[in-house]
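What follows is a pair of complexes built around chain A, which joins chain B in one and chain C in the other.
What follows is the complex of A and B.
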């Protein structure tokens, strides 16, 4: 038997609340309608004395459902933080007095607004519970790194240096990746003027010497299941043996492959003296300090042309729409190989369109190349031909604006980077199916109105083999990279506890890959540490709640397992959802999806919101006081309304705003209930959807828009106008627009009239 | 401030911009104690002055809201605003730090009700808006201010306005006797995230930033788009308040230039490409609106190329490969006129515009060699993270280490957080 709930409602009269509102009336509302057992008014609630009043009631009077009737939930968060109790906030300052005119005629509706917010906060309090950490959490803090190139090795070493055990899995017979093939690398420290040693042998030695790192070579991941803190991973070796390992978090550092130079015959690849920049590294190493010789006849190279961005930065079919980011620095480095080994008189020409040598390091290195008389030519190469003993490079010189050509002993092609990933679980485009091993992944069912995974033919081998309901590998962003969609949060991942790092995430050079690997190691460690105490990962970091469902009511419809933006929910043999709490990000999309409303969180449920909207006093139709409900995303729309209040931008007194974790958590029952109980208009405010989505729970806003597109049926059944429900994308900076949307709805209601469903 | 507790298990993060906020909260969410110091009265840093981010064109305050909520709610992070590092000594695992906190004249009792601002009339320049706007001398730094607490400008202390502000406060939150405070702490590791300042455009003499009203910087242009900025969200040119429709962007204003910043500032190409979209936002399909970008190389790096292609397809936008030689001004119209040579074909130009935006680059806010404790500087004064000094427990993060875009600054700061944690864990291990 749970402890008895005891609501304490605390009304602040500071900041003008007491001047503008009848506090006695609010007290009565809290007592009578809110059923608060303790009701107190304080003139300065966030003061030490006010906070102490509340804490004393918690300690001595058994108050465990605290209702603060004062400022916004975004204000004074440090003062109003109490352990072991739930907290509800009635927003009387930003939500009422700051958005209403201080006039006699406005007084009545302003007071009604405040009374409703008190009722709503008490109603919420009644249904809130204090979350307790999930007991089903893992304690494993070991980090699995997949891929033994520079990114993977760095991630392993940096994790180990922080004291964490690491399992490093590499599919090949040795560590090193591309780095091992390099002759030298681009300098990473001042004065950034000469290529530097890769240091690969030291790095491998450091890994081998570490007692925290276990290396599995010739190995792949055959299966991954579980959640942060308790992943179970089958490691299959080439010899056929499989071992099962337990890890707490995963870093995927599977790197890149080069775009195929043979796909661009105009550049003459196939001629022995036309090579990729990767092949030049081997040639330079093979020269062993002597002059670099061309492959065809071993003649010492006296003139070399570097063609930049081959098959890159183009929307043409078969070309990459991006560039490798590092190609120009690589060309400068390689031109220096020739200056060093083949003599100052060796001609080195880099033909580029936009030279990309960013930052301090890039520009210093570029200048160093200029000092060494590397020639930089802005041009577009059309053709490379064999011309007797040499190669002829034809190009349009963009500075002289003329077609011209040059001769070279060797031509080096800068090829783009293609990430080495598994199949995208959400791929909707058909991809190359020539491969015999192509397997067809069929989605068993497609939910109505949900952008379910279309049947997709996959010719890519899985890397992680995730045993997840939503696919075997990490979802991809643009161009197949496993990048985060968020500028502020580059390590945001859609599979909690699994982080991509290095060129598989985004094209990058060694320096950036080292940074990236270190950052990913931090996030992996953090995910494992958080899992250990049952805390949510970003963006609701620290949240201890998690979703549970009532099995008796569940109809096995699978909407929750399909719609979860993080692939957190699997299904058991009977089709019931299986929650993996450690993978959950607490957005509530599953709760919004559930048609039978059996999914809830202790501190967020169909009731905590549903009871708020029911608590609002709906005046009689003939009172001409409509009621509008706004369900606002707590991260963007709600702050926008708060900031509107800070700037004293007024909006309708008929609106009641309820913050939600994400529009994805909005269950249509709330809309139906609201319409049935006489609300005149309903507005949903969520984040931007689509390709450039801004929803931090990925699909929440998109899903909400789809669900709402079907609310018209409900409106039809009730014989209500469709204008009564509107869904908008609202940015946090829509400080003027968000109030306007409310006022527009109020005007619309005035036009179409009150809802007939007021009882 | 006697309640600030720090030990050699604490990480000090210097700078409360996006890099410092990231380093602080990522460390705290790994279970580490963090003290985050910020010189300004509010967290947010440079990104809070931006209108949109490239390439998604989303709003910086969206991520700022998440970061600030995480930081303010986290019991392991202690935020000290208006605070700078005065002195730092010691070695990895054991630093003595002296912090200096400027008087805010408003204490923690402030409810941000705004009565103090209401009560006074004095106005001062608003640095958040690059002084293009004034605000009351009792002010909340921005709509997004964290902590949400007012500040009194020191210029009114001792005046009648200060007394009025104090008298208006019902909560005893204004303390006119506040003095600068000094605080000495012991910390285990330091993350240095002091970011960048825009290069001083007035130093680029031929471009006449200090002489011509209608030559502005890229950062000022960002402020103009903000509905709460100096021009109310409209692209109004400073000389006459008319809408600027024909706009030139000059790339590498100060960057890649031996006389100014030797380095490439990396973000400015993408920033200008982004800013061309502001014209569409402001003027829709108006044929009179145009943007011309004068550039050396368009550095839309790796997958940003996609964004560059999109801008190239916009018929309002044109590109001229040229380092602009100088700017003059039409005396009558105050229109700036750009002079130079288009290097693609060597054509001379004398092009007249309503407004010129200088894409000024990044200068480190604090030069690395001024930090002390053997922190090494690279050739542009940023922190050289790879200099041979393995024992150092001071780690650069974000734009203190190089000219970076937001995404890379956060990546770099996340890495710095792990570097600091390694020092802390090593110290803890040694003591265990």
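What follows is the complex of A and C.
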């Protein structure tokens, strides 16, 4: 590290910047206000020649704080990549000229906008340091897989094939899980028309043959501590012995259990000829190629009714609110068992409400079922009871809209899948702070309470026994399923280095579980590899920075340890935060939470943002030039504004946009400072929060919204109108809305008048 | 299968009967109950049971109701449903097939005007090999009795006179033999075709 910070500001005049802005003026601003020692203008900064100019200054002139005054920080990242220096970007293209009209009247305010961005970038540069890899990292690359079903076995094999050692822990006496019980499985390859062999024996043999995989049967995880690259896991066997193993990353593939059919007496479970789809698999296997016989009297089945979605898709007490999804393909597969074994004249009727056969494969399999004369009837079954030596299924035919009934020798119930997860850390977490946050958590608990009344039995036995401050298991999103963003980051849980795969994540069939396991294995490998070099895995992949805190200033308030969405921070005996950098996602939510502002990253801190907002030139109250500050999430809101610029959507020249890692990292001191400095309006743009969140850091936006709901007190103290601060959820697609929010704030300020805090 | 076949509900007996005896009946199992045919039918309101329902009724084993229904007689062969069916069922043909089957079993609704028109038309064309328009229209007018026939004819008199004036309707057609040259050849061909159909469908 160079001893002295030397700022080099480079102004690009390409892309029309030079035509629209006074480059000489920008140079002067960088020099005079930005205190840049080196200031250069280049007509094409991202060209090889422009980049070389910068690199030469770094190499020969000692420039170590590079300020690029050109396009958005999201553009030309490959060109502007310099080792060993910090980089600040003044967004003159997307942030200024593309959002302002090219007219003489607008020229003055547009130039002011650009000058401010140059000042801000220089101010930031002064407070940036080059991050170095976290030294507190482990080197373990071994993958622990919890659960020996198809998901766990696939994850283990895939990891081993990629060259990594695997420890596979299964609580039962053998590998195979549900798949071992299946007669056949849904086909996974074209033409998707016949059930196929499960191949379970080959799979188990492959695992046993692998010298990279160690299998621990009859075992549970008694304790998990550490961080990616250095997890320490106690494996307890049924016999009572415990061994401690070290692993780099963990995959939880604990699967599912079936909803209890006895909870729905109307479907007649208890009658020997009313069975679950799982039991039918055993019956089909037992038939050993001959006709499937009904359990009660061994009579060959000639008519079978499949009742789909039993106890699912309902808000009624005792029923699952979701649909298990895979059950319809299972029913088609099982109906084919009868066509194969009991002959084409065996009638198979599937009574469904919403048939789900996802994908081309599912559609082809559905058609194949129809070709085999499997009959589908849209209806709602109300009752199954014995009628002589057969069963009577009473239902409402939803196509013919009439109550009707049919007779069947055998009735098969499609029961829902319930994830096997540990207790949700946030359903039981006790918050020992007495401020308002406790209230919010209590409200959340109440909501959870309502769901808990929906007595879907969720196992309360811990699976991972995490030795974390924030609970023993992976956080859940809904209905007991683990929280993982199902579109953007499917396997990421809220515990870094621990991945969820298979039906613990959402209900799924074998094919999907295999895909899941493969994906999770790759993520686990990535996490362990990244940990080894002390950098972040997800979503700021490769980020070397990590949070540190100044112990002298810490008041042990525990906000950071409570609010960290990823449970990365523990507490030591004295109540000081104990960072586990390997578990950290680098969102800065702790930094935003800290009331005494002792938490910072080398290249992201209360100062790097605080100084930017203070660097803005605030005109006199009577200049009629208000100043608005936007703190925009760099993941969604900032790109939305960039795209607005690409579409040349204009917005107010009075706004200054500052990107933040996550809205959760916004420390309220920035708001207070901005108001005190004379800003007239402040907009916070974060991601969508709630159950269908889009926040890269899951809870960052939510926490920010909660914090900002209390900003009114600050505004009251300052005697300011509460309209001056607004917090919005902005999606990446809000290309028209984001600029509108800015313009609306500008209009609001015009209405309520300028801030009195201008000096 | 006799007219009084016992059919169990939601068992596949009737479906199999349809597959065996009805033109294109083996497509019925492929219906996925999306309802696009019902929504596409321009005469949908006139149908007691749109095709989607007919297919479900077949699966539900509602033999009497399906074969006694006048729904499939409402089909005007516009082919909208065939064009739109995502499962590519030849719905129009199945409807005609069902109507034909019901008629042959004697289960089709006796008073249904489409059925009666079809019968008059068939008898007309099958006799001479050409449609005798005058005989066809008169047959239609008077199928509900002499009084009704006069009424209908009077109501249509302007059209009829127009046709006469422009030479589009030959009044002598009533007495002329007309038709194709080899009438007996046609009769033979039709007879043979029927035999083949009966053997194939097992009537």
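In this section, the second predicted complex is superposed on the first by the 718 of 759 C-alpha atoms of A that agree within 3 Å, B and C clash if a C-alpha of one lies under 4 Å from a C-alpha of the other, contacts with A are read in each partner's own complex, and residues count from 1 in each chain.
Heads up, the rule we're going with is that contacts are C-beta pairs under 8 Å (C-beta built on N, C-alpha and C of every residue); 3 or more make two chains touch, one makes a residue touch a chain.
Given the structure is predicted, the values throughout are model-derived calculations rather than measurements.
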| item | value |
| --- | --- |
| Clash or fit, chain B versus chain C on superposed chain A | clash |
| Per-residue contact with chain A, leading partner among chain C and chain B | B |
| Touching partner for A:24 - first (chain B), second (chain C), both, neither | neither |
| Which superposed partner A:710 touches (first chain B, second chain C, both, neither) | neither |
| Chain B versus chain C as contact partner of A:550, first or second or both or neither | neither |
| Contacts of A:349 with chain B and chain C, given as first, second, both or neither | second |
| Chain B versus chain C as contact partner of A:740, first or second or both or neither | neither |
| First (chain B), second (chain C), both or neither touched by A:407 | second |
| Touching partner for A:377 - first (chain B), second (chain C), both, neither | second |
| Partner chain(s) touched by A:399 [first = chain B, second = chain C, both, neither] | both |
| Steric overlap of chain C with chain B in the superposed model, located at which of 81-89, 99-107, 153-161 or 189-197 | 81-89 |
| Chain B and chain C footprints on chain A, overlapping residues | 355, 367, 378, 399-400 |
| Chain C contact footprint on chain A (complex, rising order) | 303, 305, 345, 347, 349, 355, 366-367, 370-371, 373, 375-378, 397, 399-400, 404-407 |
| Residues of chain B defined as touching chain A within the complex | 18, 25-26, 29-31, 53, 56-67, 69-70, 72-74, 109, 111-114, 140, 143-144, 147-148, 170-171, 226-228, 256, 262-264, 266, 297-306, 309, 321, 343-346, 376-380, 382, 384, 386-387, 402-404, 406-408, 410-415, 417-419, 421-422, 425-426, 429 |
| Contact footprint of chain A on chain C as seen in their complex | 8-12, 15, 29-30, 32-33, 52-53, 56-57, 59-60, 87 |
| Footprint of chain B on chain A - complex, ascending | 14-16, 44, 46-47, 71, 74-78, 81, 158, 161-163, 188-192, 312-313, 315, 321-325, 354-364, 367, 378, 398-401, 478-479, 481, 483, 485-491, 506-508, 512, 515-516, 518-519, 521-523, 525-526, 529-530, 538-539, 541-542, 635-636, 639, 643, 646-647, 687-688, 692, 694, 696, 731-733, 735-736 |
